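The same chain A turns up in both complexes below, where it pairs with chain B and then with chain C.
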Partner chain A sequence: MDTSSGIQEPFDLIRLSLSEKVFVKLRGDRELTGVLHAYDGHMNLILSDVEETIMLVEQVEGGPEGQTTVNVAKRKMNMLFVRGDGVILVSPPSRT
Partner chain B sequence: MLIFSVFKTLTDQTVTVELKNDLSITGVLKSVDQFLNIRLDSIKILDEARHPHMMAVKNCFIRGSVVRYVQLPADHVDTQLLEDATRREAANGKR
Partner chain C sequence: MSDASPPPPPAEASPPPPPSTSGSPTDFLKGVVGKRVVVRLTSGVDYRGVLSCLDGYMNIALEQTEEHVNGTVTNRYGDAFIRGNNVLYISAAEAL
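Moving on, here comes the complex of A and B:
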């Protein structure tokens, strides 16, 4: 038991990230950064000041098989509920 | 249960639901259940040109599992209350 940091199980890491800026990786080549306000056991999340990054991977036309270009689309949202089944990982803010 | 309660407090507010097939629907949240199924009234499709078959639809029931995001009205969400409720639920071990 690590009592100094209060981390005993995986969800504690998310709990300690409440009201902090977090990075969320989602299915479908999407990533979010935003302030975490709520979560539950399904990893449903509620974030504010969210910036979403969508990676659009496309096959290069006429190019060799597997050669792809990555286009990045970004958008901002004020208050967002994220359904837990799309979540791959939640990372606490880098402490720099 | 926590998120369900949040959605209940947001009934009669306007929300934008983004589905996993990239369809975005704005409408008035009429009701929600424990599976986060959602009923919307007076709906509007964001990209009507891409989804012309939705033009005649005025209200709908959305299965919770096809939802990717719901954009909420920020001024109706008490973030401090949310964080406290989340900590309480985590402490209860009831997730």
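Moving on, here comes the complex of A and C:
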């Protein structure tokens, strides 16, 4: 049952990331990095020292169909509550 | 009435299928823990990695994860938690 990292259920991965810097991928082409303070079974998250990266994908004006440009916007927040249903993926810092 | 020949007996069940085609979805999922898998999300993004574990919501913990978008690697994560609601399918990427 025990795999190399010693986790039994997916939430163990999150539990082991408390107080660590995590990467969060959200719906709507948004990403967050910040320190994980708390979470619950919905994957509601409390993060601090957060940087949000927003990918703005736009169709090129007059360009061929499907040609897009990606503009990246960033912003910082001291403390953030993330509603769980927007979460796609959470990755802890690589443990070595 | 009595001259009608009895219908032929139903064809005998074919020989038991190989193990990979038998069992419930749960049996499949138990079988792929610890193996390389491809997890496709409803957004079309693929995650390839070693399946550490999963739970009843189909939340997934992956190791050595590569994120593939349109066939190209766009990210790598040592560990990744994927929230189950985003999962379209889990495909075994090696023999069970």
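Keep in mind that, in the parts below, the second predicted complex is superposed on the first by the 89 of 96 C-alpha atoms of A that agree within 3 Å, B and C clash if a C-alpha of one lies under 4 Å from a C-alpha of the other, contacts with A are read in each partner's own complex, and residues count from 1 in each chain.
Just so it is clear, a contact is a pair of C-beta atoms (placed from the backbone, for glycine too) under 8 Å apart; a residue touches a chain by one contact, two chains touch by 3 or more.
Predicted, not measured: the structure shown is a model, and the values here were computed from it.
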Overlay on chain A: chain C relative to chain B, clash or fit: fit
Contacts of A:11 with chain B and chain C, given as first, second, both or neither: both
Partner chain in contact with A:88 - chain B first, chain C second, else both or neither: second
First, second, both or neither for A:48, with chain B first and chain C second: first
Which superposed partner A:38 touches (first chain B, second chain C, both, neither): first
Which of chain B and chain C A:23 touches, first, second, both or neither: second
Partner chain(s) touched by A:78 [first = chain B, second = chain C, both, neither]: first
Arrangement angle, chain B at one end, chain C at the other, chain A at the vertex (C-alpha, nearest 10°): 120
Least Cα gap, in Å, left between chain B and chain C after the two complexes are fitted on chain A: 12
Doubly contacted residues of chain A, that is, touched by chain B and again by chain C: 11, 85
In the complex, chain A residues that touch chain B: 11, 15, 18-19, 28, 35, 37-41, 44, 46, 48, 77-83, 85-86
Chain A-touching residues of chain C, taken from the complex the two chains share: 33-34, 41, 43, 47, 52-55, 59-61, 63, 65, 77-83, 85-86
Residues of chain A touching chain C in the complex: 3-5, 7-14, 23, 43, 84-85, 87-92, 94-95
In the complex, chain B residues that touch chain A: 1-3, 6-7, 20, 36, 64-65, 67-74, 77, 79, 82-83, 85-87, 89-90, 95
